[in-house]
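Letters A, B, C and D mark the chains as written, and numbering starts fresh at 1 in each.
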Amino acid sequence: MTDSFAVTAVVGNPKRLSRTLTTAEALAAAIAAGIGSEPRTSSTDLAELYRDGIEPPHDGFEHALDRIRTAPVLVVGTPVYKASYTGLLKLFLDQLPPGALGGTVAVPVTVAASAEHRLLADLQLRPILAELGASLPVPSLTLREQELGDLDAILASWAGANLPALAAAVGRQSAGVPA
Amino acid sequence: MTDSFAVTAVVGNPKRLSRTLTTAEALAAAIAAGIGSEPRTSSTDLAELYRDGIEPPHDGFEHALDRIRTAPVLVVGTPVYKASYTGLLKLFLDQLPPGALGGTVAVPVTVAASAEHRLLADLQLRPILAELGASLPVPSLTLREQELGDLDAILASWAGANLPALAAAVGRQSAGVPA
Amino acid sequence: MTDSFAVTAVVGNPKRLSRTLTTAEALAAAIAAGIGSEPRTSSTDLAELYRDGIEPPHDGFEHALDRIRTAPVLVVGTPVYKASYTGLLKLFLDQLPPGALGGTVAVPVTVAASAEHRLLADLQLRPILAELGASLPVPSLTLREQELGDLDAILASWAGANLPALAAAVGRQSAGVPA
Amino acid sequence: MTDSFAVTAVVGNPKRLSRTLTTAEALAAAIAAGIGSEPRTSSTDLAELYRDGIEPPHDGFEHALDRIRTAPVLVVGTPVYKASYTGLLKLFLDQLPPGALGGTVAVPVTVAASAEHRLLADLQLRPILAELGASLPVPSLTLREQELGDLDAILASWAGANLPALAAAVGRQSAGVPA
């Protein structure tokens, strides 16, 4: 396939320029590269968007929403805080219109400090994304902080296991499969 | 499309021949008819399978497992009991091998007595199905008992909204879309 | 009993001076009046605390934390947004030190627009409060918006059913029970 | 205190005479010994109760229900299966009358094979117990299988941290506190 294909990421780590952000961007890039031949990615760092208050600047919010609306795949990144996704991520999701993720395929990526918390944010985030209308056809990428050094290998493994199903869900074929 | 396409249902209502069973079978039939031109459906009534003990007869269990393995779409039906899916359904899922639903697209259908409990079983069931490897690309069908009289209309509406995405997720096209 | 007894509320409605706030304050007052003869209550409106950014003013945050640390009972109020508690509430909880609610008895109060969402925030909030070390000895007060006109009667009913257990959990006796 | 005090356990491991059962019984004994001077404990092994079918013998079920009704503290034990509590435990809870745990203080104990699953059953079980009316004043005991060899030390630590609050919640004093 030779057409353009957009993946966007939204990341709810309250620290700007976090490792969660770079991890989500790497996942978005891997998805875009695996599905479209002209991959395009973008990302929204919610720590930046909400820097000056819980009502983000109108332009910034609309810009983030436009990206979500025009990208068939949305990577949703969060660290695991207090046994769940972050409040900052939910603050953004709370401001989306009802059904805002209808027609969007969402792929959560979570980063936990401990093994015991590894699965918690994903467990609680997926129903929220489903409530917003998102399709969740593939397993989330749930990471521990100490695994981030092996991110390339982990992404390759995740992509090998899940890109075909993800591509099918967005009506595409994965790049590795002959058309 | 003219090929055979199988949808199977597994239903965790502890009462045999329940309305949850007939509802899940109707959903399975609607999915099969909408995706394959030679639809085949089957169902497993867990109240029947576990009638004589929590270790179901080996043949019966293997038969249910075979159906799941050969059907690309699995409808998972449960009433809402005590704010969640039923223990009977989970008893069966507990006995599946790890990753047993890998490659399977699951569609939950839940039936609640009250509006307040309508969403609870789905909220808690989806992570369990994901843990087993299932893909959950479309919203569940969450019903109230009093809506069961309108099931045909509800199924038509659900199918119109979700069959294209479901067909894409299983690498098909929905019957309503010219090939 | 004749001693002073403090109940504090923290409320995560992103709108300042919300009905969630007044509802949580009314619940705090009912608890304080029912347990201590010199009831004292206070509240933190998170929409106010986070007005100018996701890092609240240090003084304001410390003040809220002090109230929580010195009050044996914490009322935690949230509307139901996107099938759960609000991001604003979680943003505050995310910033608490580990175990910050150890020794605190927490009582959630949630306000939902629809019956179907009535129980969702409570279901997901209680594990978060437990993670922070809170004790949750009594059922939450889960309300629909349309019930807020009957709040006095609802509070009286809730207090009658739950104040004895709540008083026991904080090592007190409820005012209505002869010593 | 010199009076009799009963703690009962109900355990949902589908294997009879499981380590989950002995662990739950040990927790029940520690609670009973710490709160009442004449401790009495009992337990129900659901693998035994449901051995011959999902409708347990009427006598056995009523006997288990009587124990729950007469014991102020109920220990609820489960292994972590498929990212949650077991279906067998929920099968029993599903058959309880509405509000059956009103007036009961519940203490979950979970046993997980891996660190990643350690918190999952507790997270999902507590709302179910709350739906049944139970009071949950103290943190659950969440264990990994490999910790079971240190159970005595872990129980002593858990009891030191939580028995005072648990005793208060049941209107008692813990044995370690002079009356």
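Just so we're on the same page, contacts are C-beta pairs under 8 Å (C-beta built on N, C-alpha and C of every residue); 3 or more make two chains touch, one makes a residue touch a chain.
None of the values given here were measured: they were computed from a predicted structure.
Undergrad: Averaging each chain's C-alpha atoms to get its centre, pick out the one most distant from chain B.
TA: Of all the other chains, the one whose centre lies farthest from chain B is C.
Undergrad: Any idea whether A-C or C-D has more C-beta pairs in contact?
TA: Comparing A-C with C-D, the pair joined by more C-beta contacts is A-C.
Undergrad: Rounded to the nearest whole Å, what is the centre-to-centre distance of chain A and chain D, using the mean of the C-alpha atoms as each centre?
TA: For chain A versus chain D, the centre distance works out to 39 Å.
Undergrad: How many angstrom between the C-alpha centroids of chain C and chain A?
TA: Whole-Å distance between the two chain centres: 32.
Undergrad: Rounded to the nearest whole Å, what is the centre-to-centre distance of chain C and chain D, using the mean of the C-alpha atoms as each centre?
TA: Roughly 27 Å, centre to centre.
Undergrad: Residues of chain A that touch two or more other chains: which are they?
TA: 83, 123, 127
Undergrad: For chain D, which residues are in contact with chain A within the complex?
TA: Chain D residues touching chain A: 83, 114-120, 123.
Undergrad: Where on chain C is chain A touching in the complex?
TA: Residue positions touching the partner: 14, 47, 50-55, 81-94, 96, 124, 127-128, 131-132.
Undergrad: Okay, in this complex, where on chain A does chain B touch?
TA: 105, 122-123, 126-127, 130, 133, 135-140, 165, 168-171
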